[in-house]
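Right after this note come the structures.
Each of the next two complexes has chain A plus one more chain, namely chain B in the first and chain C in the second.
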Partner chain A sequence: MFPFQGIVHTQTVKRLKEMHTLTEVETLSGHSDRVWCVSWSPNGSLLASCGGDKSIRIWGKEGEKWICKSILTDGHTRTVRSVSWSPCGMYLAAASFDATTSVWSRKAGEFECLATLEGHENEVKSTSWACTGNLLATCSRDKSVWIWEVTADEEFECASVMSTHTQDVKRVKWHPNKEILASCSYDDTVRLYREQADDWECFTTLKGHSSTVWAIDFDKTGSRLASCSADATVKIWQEYEPGNPECVATPDNVSTWKCVCTIGGYHERAIYDISWSHLSGLLATSSGDDSLCIFSEIHSSDSRNQPQFELVARVRGAHSQDVNCTVWSPTEEGLLASCSDDGTIKLWKLERDEK
Partner chain B sequence: MSQFSGALQLTDLDDFITPSQECIKPVEIKRKPGKVGKLRVEDDGSYTEISHEGEETHLEKAKITLNDCLACSGCITSAESVLIAQQSQDELYRVLKENILLKQTGQSSQEKLVVLSISPQARASVAAKFKLSAQAAARKLTSFFKSLGVHYVFDAAFANNFSLIESCLEFEKRYKASETTKDSLPMLASACPGWICYAEKTHGSYILPFISSIKSPQQIMGSLVKDYFAEQWKRTPDSIYHVAVMPCFDKKLEASRADFFNEIYQTRDVDCVITSGEVEKMLLQENINLNDMEEHRLDALYSNDVEDQLTNHQGNSAGGYLEHIAKFAAVHILETNIEKLTYTVLRNQDFQEVTVEISGKPPLKFALAYGFRNIQNIVQKLKRGKCQYHFVEIMACPSACNNGGGQIRSEPNETQKNRLQAVEKIYSSVDVVDPFDLKPVKELYEKWLGGKGSQKAYAMLHTQYHAVEKSNNAINIKW
Partner chain C sequence: MGGLDNANPVVFQATKERSVLPEEEDDSIVDKFDSREIFDLIRVINDPEHPLTLEELNVVEESKVKVDDNANTVHIYFTPTIPHCSMATLIGLSIRVKLLRSLPSRFKVDIEITPGTHDSEIAVNKQLADKERVAAALENSHLLDVVNQCLS
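Take a look at the complex of A and B:
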């Protein structure tokens, strides 16, 4: 692998670009079909994966090697599309094309299916736990986003069903420290939700992408959101709270979110996933062009309203087919996981090039 | 934007294929033995079949009826367009125009008797829109519809008396049977067509036995008009055109069910359902401000009916099922009298429970669950055998029927919530009656139905549900 000496898009280059190298550390094989999603446990010790073989695999590090510790096979009758760990790391939720979401509890290293959430009309595409661990969100091809509340006796009750998207909902993602939910869809939009009175409501719709929005991720503070799309761009959305110094209007005293940056020209096909590292602030993207890209924010005079990002590393042919998902380790800076239609999971290490 | 309730909209889905393309209802194909001929596409898009012998046959277009749609597990969106053709204010206008034409050409005997029943929720919506009392709205609407040529304007709340009495009796029966029959409790309310359609399409045979077999007030009104009154008026059911004014779009689906179709006379118990919103459209079309309308004396539904006065029932706009069943059960099962029920709000305002208990007997538990999210929780609890309630009043719309999808929208300077509050206030301003005490109801049970629990009472006041098989047609496979 060699660092990509990319075309410099900014007109005036005031400083030398800091290039990084993304090096493959390990390939994890085991899934017998495409791998749709990988998810790190909150303490970074375990990696969960799922895919077309209807199974969930749990990977852990032994010595220097990552090995498959458990295979959960009896939860779903069709593809498992996504997996998500609860903030405490004791529960794992899995969304499946069989229209259900399974919740697994981890007791003494063993995983046990605690509940199967039914209600979606068809394929469940994504699931996400809120920062408090009390709420779980799911979304589906039935165009709806559901919020489930975890009761004291480990029961899951439907707290809301929101049908604001007009097409297949691809991904749900909670804000890192508030009970605010984001979703994105085949209808090219991102929508944000909050609890209002005793129900949930969509309080804003982010329009800008010209094709399916495949994934979204918040930065560490939660005041910025990154989205990636089949239009092969990444967009950065900034929150403007009521009373913001820029005087951006906030009708009904609700924050306004505006697109402040569009990153394009790097991926050649749909960007399927984006991960915003809470440790390094770097963005990782994975695409249908089989590549992985890493973007870093350039320090600029107005990073809030006009942030700029540059490509610092790229691996063409990271996988031999579509890279469906990529996610930064929450605990080890520079450690990245990816998975692909080629049936493998890869671990990568990002390192700054010696000058 | 679909006007159906949320529960139904969820079953309307597809992101890649439009409903018409996706329609999977197999159309009957008549095959003749022999060699296959040719097809010619005409300039107007129609097809002509040319047989091997050169004989030309114009081919008819395959038509999908609303009943096909209802019996199918596929989309519901195509049903919507079929509905608009069959049940709208335009259809009512068509019938009224036909009557006028018949009169003009001296064929008055062919005229249809047009009967219109207004539900109290729809009436409250119209009253709120024109800032009228329920009573004044009822009188002015009577004037309006009569000016268009409608013969009778009735208050559909009258039919609710039968729904409530039968619900109480069914509950008592199910409670007694619950010792030996597993799927008799909880009893689930049946008046909401959005909920029924969702249950039939999505949960099928598992949930259906729990649903009360009582017809909704709309359909009981249908039985009254097309059976009892038809006989009184010496008319055949097909010579009466019965229109229901409802707060809800889903009610159109209900009226179209095969269960409510009279095969002998080829007529429906309720021929056409229009929403309060569509009544507003009619007023606009006629260029009439309802406030300017004269107040007309109300049509008495029954000779011994409360004279020229509206009446309603205890409970909220869902119809008062929980309220009546809980009080009836207290008397007939726990042998105690309860004046006022205590509602405890659970997860949200649309999910509340009522417990009736006396020492020494197991308590009776009731819940109301409105809106799709609360329906989900009840259904899932029921599936896991964890539903502790004896009766659940289930409605597809949050805040029940006053908030129905067919109601008149709020003004630009008014929030939907404020409008709903105004509608609720008007709805609950009407004097309530106890259905068991009403003389006309008692008389109808005797004269029309031949007593409570009779075969006729069952035929006129009860119905059944049908699980919709999920289709496995290749085009229906979702990737």
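Take a look at the complex of A and C:
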């Protein structure tokens, strides 16, 4: 597969595994049904959550406690599947099974519905804002991914509809600093898109998982992507740009993405979410086996082409039912949020064990 | 409504009610879920097409129900009456909803087609295992009505 796979590096350096402990710091109750998604505002001061009770809740810290500051109930007639904040933190997009996406603006602490985006034929599963805040992506069970342009007067215009997936699209996620979009699907693949000659195109399809790919997340640099699947594994994909030193072919001068690592054997059921911390580089995963796992990259001789990850913390029974979502705080290292079918949101703190 | 997928299904005899053992009425004994108990919940589900239960059509059998109360897992194989049965997903969904409403939430329930008994086995199994699609399906009032009829 790789030209360099014949080279064997033997490392005899003894390394002590650094274990960590993930401690529950708070449980947020309020949703009356399963919580599908929880999302940190970019400055880490607010959490948005949503779920089967068709509502969106905004949580904020007062003193030492996180409390529910607002409940947005009039946006959707069915489950709100996911929420995502714009990079400026002033807008919140919500995807719903009612086939619409609502966009909320935050003005003087209050949220008002700015727009309801229609176009998808059925359930909208996920939304994501590009790093510039000028583009919003949505995806649906109707197999399509839509890109919306945000105009100067806060209107949303459809810029492109991409129907490359052959099944239900579960998640969309923008690259952290480029206008490159990733999506993953019930068709077991991940696809990447870019703008080319005024239109958007899928430039690569990442195959490897043997079942639905539930979630994807880029690392801080955007040159690596992690995916998690109903096949109970995580895969790490590395970008090889044109002219890369490994001489991985890049047809048409477009980057090639290759799976360089598969992490398996830790979760017993589908992995529903993955979060790659831009502060610590740690990966957090949540699963239908009710657990949370934290993985750390091991320093290895060829971390670009053959990275290795090890489990550094695990909480079995993190929730009493499926853990649908987990996400690292963007501003406080080691702070993690999760949410579950059990109707709760939990906040966790990861700390290194004393030697 | 079009013709039935299987107009003349083979009908099997239903099992008798389970007799209550003395220890089951003793509150001091922990009564774990067993396969017969799960089977009793699903055997009475109505077939969407025939005025018969899933047990009478041999769609569900006690030997194809596996329960591990300690591990909180339930696994069920169901057998469509014919390999191209268009109702397979609906039957699986009805079994899932019945158990969702009856069992404690700690249980992880897997429902699959008996291997080799349906043309779209893999596709149906995948759909039944996708909790998001199941959740969305149950918000569809028409589909929910049909499921509730099977469970009534």
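FYI, the second predicted complex is superposed on the first by the 341 of 355 C-alpha atoms of A that agree within 3 Å, B and C clash if a C-alpha of one lies under 4 Å from a C-alpha of the other, contacts with A are read in each partner's own complex, and residues count from 1 in each chain.
Everything that follows uses one rule, which is that a residue touches a chain if its C-beta (ideal position, glycine included) is under 8 Å from a C-beta of that chain, and two chains touch if they have at least 3 such contacts.
No experiment lies behind these values; they were computed from the predicted model shown.
Chemist: Using the superposition on chain A described above, determine whether A:141 touches chain B (first), chain C (second), both, or neither.
Modeler: both
Chemist: With both complexes overlaid on chain A, does A:186 touch chain B (first), chain C (second), both or neither?
Modeler: both
Chemist: Does chain B (first) or chain C (second) touch A:123, or do both, or does neither?
Modeler: Both partners, chain B and chain C.
Chemist: For A:158 in the superposed arrangement: first (chain B), second (chain C), both or neither?
Modeler: Touch status of A:158: first partner only.
Chemist: With the two complexes superposed on chain A, say which partner A:170 touches: chain B (first), chain C (second), both, or neither.
Modeler: A:170: touches chain C, not chain B.
Chemist: In the superposed arrangement, does A:112 touch chain B (first), chain C (second), both or neither?
Modeler: In the superposition, A:112 contacts neither chain B nor chain C.
Chemist: Would you sort A:18 into first (chain B), second (chain C), both or neither based on which partner it touches?
Modeler: A:18 sits against neither chain B nor chain C.
Chemist: Examine A:302 and indicate which partner it touches, taking first as chain B and second as chain C; both and neither are also allowed.
Modeler: A:302 contacts neither chain B nor chain C.
Chemist: Per the contact definition in the header, classify A:351: touching chain B only (first), chain C only (second), both, or neither.
Modeler: neither
Chemist: Which chain A residues contact chain B in one complex and chain C in the other?
Modeler: In chain A, residues 122-123, 141, 168, 186 are touched by chain B and also by chain C.
Chemist: Show which residues of chain B lie in contact with chain A when the two form their complex.
Modeler: 6, 9-11, 13, 15, 202, 347-349, 372-374, 376-377, 380, 383, 398, 478
Chemist: Under the stated contact criterion, what part of chain C meets chain A in this complex?
Modeler: Residue list for chain C touching chain A: 105-106, 108, 126, 129-133, 135-136, 139.
Chemist: Which residues, counting only chain A, touch chain B once they are in their complex?
Modeler: Per the stated touch rule, the residues are 118-119, 121-123, 141-144, 149, 157-161, 163, 167-168, 186, 198-199.
Chemist: Help me check something: in the complex, which residues belonging to chain A touch chain C?
Modeler: 34, 52, 78-79, 81, 97, 122-123, 125, 141, 168, 170, 186, 211-212, 230, 269-270, 288-289, 320-322, 341-342
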